[in-house]
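Look at the two complexes coming up: chain A is in both, with chain B in one and chain C in the other.
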Partner chain A sequence: MQLTGDRLSQIQDLLERGMLGFVPEIILSLAVIALLLCDLGRRRIRPAVPGWIAGLALGLAALWIVVNFPAGTSPLFGWLEGSVHKPLLVNDPFAAFFKLFVLAASLVVLPMCMQSPLLNKRSTSEFYALLVAASLGMLIMASSANLLMIYLGIEFASMASYLAVGYFKQDRRSSEAGLKYVIYGSVASGIMIFGLSLVYGLTGSLALDDLASTVTASGMNATALAVASILVFAGFAYKMAAFPMHFWCPDVYEGAPLPFTAYLSVASKAAGFAVCIRFLMAFGPEFRIRFTDYAGLPDGAGFGWKEIIAAASALSMSAGNLAALKQENIRRMLAYSSIAHAGYLLMGVAVLKPDDAGSEQFGALLFYFIVYFLMNLGAFFVVHLVTVRTGEETIESYKGLGRRAPFLAVALTTCLVSLLGIPPTGGFIGKLHLLSEVVEGGLIWLAVVAGINTAISAYFYFKLIKAIHLDKAKDESFPAVAISNRLLVAALVAPLLILGIFFAPVSEWTKGFGL
Partner chain B sequence: MPDVGLKAYLMVAAALFSLGMGVVITRRNAIAVLCGVELILNGAALNFVAFNRYSAPAGRLDGQIFTIFIIILAAAEAAIALAILLNVFSITDSVLIDEADSLKE
Partner chain C sequence: MNIDFEIIVFYALAATGVVSGAMVLIARDVVRVAFWLLSSLSAVAGLYLHLGADFLGLTQVLVYIGGILVLILFGIMMTQRDPGLVKLERKSTRSMATGVGVSLVLFLVLASVINSVGWASRRPASATPTTQDLGTALLTDYVLPFELISVLLLVVLCGAAYLARRRVEQSHA
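Right, the complex of A and B next:
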């Protein structure tokens, strides 16, 4: 094929614009290389250096996104079909929101990594390289507009995560968690890739833009497409830790290095949601399997994404909350609580309308993401500070924390109350917004299930709160917490309380980041 | 050689996928499970190549390129999985998945 001058300059323009939009990812890639080179030198570098390099790169990437915040949708890379640009990645407010979310989560996790005594025993720059690489994969997930990029982003993030989870080589629990994560992950991604191959075969294109037009094309086998997309959803559900791909979650959260557990529970989940939402919205409103095509069932009987997601949502929250009831290990309890929260968040996904061009429908969902970020990272930060000092992870060891470390106890209580979703915390407002969207979207039964689940979850959240404030500890001593750590915890918990009262500006603000 | 058509390829791919899932579900040995995953991935790769050959617009190689990525990532994933498995083996002296049970409620 001959390239004429006009076409060539078009392609050059495409590449140039692509590289400009890709700067945050390039910064992170350079940081990964720099971190890997850190270990090669003959002299040992100081243990804090890799952490600062990672922090600098993550901060710079976040700053770049904030400064060049995309006003509209700008396609990156890809190819031209005639004059239509089929992008591999897109840079839009939705992607920028989730990119900032992932970068912020990694920045919060960094100080936890730098304080973790186990991580600092030997050279740690590899661990930071894995953390930054996982973030890089998640940035790609958040902005992928092509089936290939979805696959590459998920695999990139997963592979870095497998290694980080099994990072403590001598520790049996960490290694086993890594093994379970990698086996679960490779099966889930295998199922997803088989689904993607069928989607490609049915639609004839890898571009998400083409999905909506081909879904409704005559002769499209809706049942085959439904099977294919449910297979793909299995891969997303694994990243989100949602039913039915949630079984890895408690074991991995318990065995992984604690800072990475916190990271997985927030960043990995959010990236999974971002890619899932983009994929679902690409199907357009017409995607529905009608039973009328088969056994002569009544007109209108059938299901679409709404029903599939709603079912996954109800089962996730029930499975998470019921299993959390009998947990004695705080990390396992928070793992099941994060499965339940995947359910609450899916509830918001179920009522998204692909035909609705307005981005306002995303407001409640994205608001809940912000609240989830604060409360889950806040809880894990306190758990990290306590674990570093006591070496214990059982709920038993939190007895009397209210007297031993009042500041941490109050912070953890606030996070737990917010996770449960009662006022005056951001968790309550977030859940209220979500539930009102769900009721408006016509899924009243799902709102009822969520209400029942909130009541169930009160048991295990309050069990921990009771242990903290009412029970007596055997040993009243508790090593002091540095002022810098107190400030970090306060920076996560204070907004949670503020969002419980002055939520209007933020909930208005989040409406601008929809697709 | 006569052309067997798209359907034959899809049936082989589906068979590979099902065999892979069967292996993953039934085997206790972690290495066997990884072999099963490999079968699943190959099923998907065969699908991509076959669809590209029979139903993609002329001149487009999307499916073929996707297959190359699947092969590369499958190798990377196997390397990571075996590294972690080796680690577990050196601690527990076992590659059986149900003996990795120190994480339980």
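Right, the complex of A and C next:
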């Protein structure tokens, strides 16, 4: 196949236009290379330098997105079929929201990395390279509009995460966590790629737009497409740590370097949701498997993706909350709590509608994402500060924290109360918004399940709060916390309280990021 | 007659792939597992060639058989004094039964679904070499994934080198 001048200029044009929307990713790629090279000099660099390079790149990428915030949808890269642009990536407000989310999460996690004693021993530029690479993969996930890019983005984020989870190779728990993450991840991505190949075979195209147009076409085998999509969903659920792909979560969260655990629980989950939502929206609301095609059941009996997501949501929150009840290690407890939150978030996904009709639902879901960001990173930040000082991770070791470190204790309590969803925190408002959308969307049973789950989760959140404030510690001493760390914790916790009372502007603002 | 021959070739390759794939799971000697894997991967390479994907088939041979499989055998050879002693433990009957049951259900669902679809055949009429088209596609329409994979490989390479590196820092310090 010879490339004629016409086609060449077309390709060049698409590449040049695509580059503009791709600047954050380019910054991150350059940062990865710079981080890998910065250790090569003859003189040892100071251990803090890689952290600052990563911070600079992540900050620049975030700044670029804020300044050039996309007003509408612009397709990036890909090719032209006739006059139709088949993009590989898209740059739209939805993608920009999740890109900023991922970048902000990595920026919050960076100071944790730089303080971590195990990551601070000598120059550890590889760790920061892996962190930036994982973020790069998640940016791709957030904006991919093509089955190939979905797979590549997920693999990119996963590969970097596997290596970062097993980074403390002298620590048995870290190595074990890394290995478990790889094995579960390979199974999940194997299932997903099989599903993607079936979707490709059914639609004959890798573009998500084509999926949307073939779904509604007559003669489409809905059952086959549904089975293929459920296989694809396995890969997404693995990234979100939702049922039934959540088994890796507690072990990995317990063994991974703590800053990276915090990162996985927020950024990785959000990127998984972003890619899943984009995939689901391609199906549109009409996609249903009708039982009438089989066994002569009454007309209208059937199910669509809404029911499948709702089932995954109910099972995720129940599995997470029930297993969290008997956890003694705070990281495992927070891991199960994050599985439960994947369930709450999926509840919001189940009622999503594309286009302007769904701005309310998108608003509720994205508001909860912002709250989740603050409360989960806040909780992990405090856990990090305590672990660095005491070297302990059991709930036992949090006894009497209220007297030993009042500031940290109050901050952690606020985050836990918000995770549980009690006023006056953002967690309450977020959950209220989500539940009202779920009820309005006709899934009342799911709202009931979520309510029961909130009651169950009160037990283990309050168990920790009781240990912090009511129980007596054996050792009352606690090393001082620097003012910079206090400020960072306050920056995460204060908005949580503000969002609990003064939420209207933010909840209005999040309505503008729908698909 | 021509078509019959094609079908015979297909079923022969598919049977080889499936049987040796099952043997990979059943065999207990790691070296034998490696050789069953060789047979399974070769059968898949044969299927690719049979479908007219010549570049893919040869890459499969080069990468999986020539690279990964040889690496596995070398790994066994270097790390074990007596390769014949590497035996995998037999799983308990209960976990075997669960595994077989789950796979069987999954297989039946997938088989019935895949059978119910009239797949559009995109097989080219004549077997033309695909290498040039693949190269063009990789550097035009698919240049973005191509470049991204190169960054990914760089990261994974450095990360793997980090994990495999022994602790020499202590002796330096």
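Methods note: the second predicted complex is superposed on the first by the 497 of 515 C-alpha atoms of A that agree within 3 Å, B and C clash if a C-alpha of one lies under 4 Å from a C-alpha of the other, contacts with A are read in each partner's own complex, and residues count from 1 in each chain.
We adopt the following convention: a contact is a pair of C-beta atoms (placed from the backbone, for glycine too) under 8 Å apart; a residue touches a chain by one contact, two chains touch by 3 or more.
Computed from a predicted model, the values in this text were never measured in an experiment.
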| item | value |
| --- | --- |
| Which of chain B and chain C A:Gly190 touches, first, second, both or neither | first |
| Which of chain B and chain C A:Arg173 touches, first, second, both or neither | first |
| Which superposed partner A:Ala491 touches (first chain B, second chain C, both, neither) | neither |
| First, second, both or neither for A:Leu163, with chain B first and chain C second | both |
| Touched partner set for A:Glu254, first chain B, second chain C, both or neither | first |
| Partner chain in contact with A:Leu148 - chain B first, chain C second, else both or neither | both |
| Which superposed partner A:Ser205 touches (first chain B, second chain C, both, neither) | first |
| Which superposed partner A:Leu63 touches (first chain B, second chain C, both, neither) | neither |
| Interface residues of chain A shared between complexes with chain B and chain C | 148, 152, 155, 159, 163, 166, 169-170, 198, 201, 204 |
| Residues of chain A that touch chain B when the two form their complex | 147-148, 151-152, 155, 159, 162-163, 166, 169-170, 172-173, 175-180, 182-183, 186-187, 189-191, 193-194, 196-198, 200-201, 204-206, 250-251, 254-255, 326-329, 332 |
| Contact set on chain C toward chain A in their complex | 109-110, 113-114, 116-117, 119-120, 122, 132-133, 136, 140-145, 148-149, 151-152, 154-156, 158-160, 162-163, 167, 169 |
| Touching residues (chain side chain B, partner chain A) in the complex | 10, 13, 17, 20-21, 24, 30, 33-34, 36-37, 40-41, 43-45, 47-48, 50-51, 55-57, 62-63, 65-66, 69-70, 73, 76-77, 80-81, 83-85, 87-88, 91-92, 97, 100, 102-103, 105 |
| Chain C-touching residues of chain A, taken from the complex the two chains share | 1, 3, 7, 11, 15, 18, 29, 32-33, 36, 77-79, 88-89, 122, 126, 129-130, 133, 136-137, 140, 148-149, 152, 155-156, 159-160, 163-164, 166-167, 169-170, 198, 201-202, 204, 221, 223-224, 227-228 |
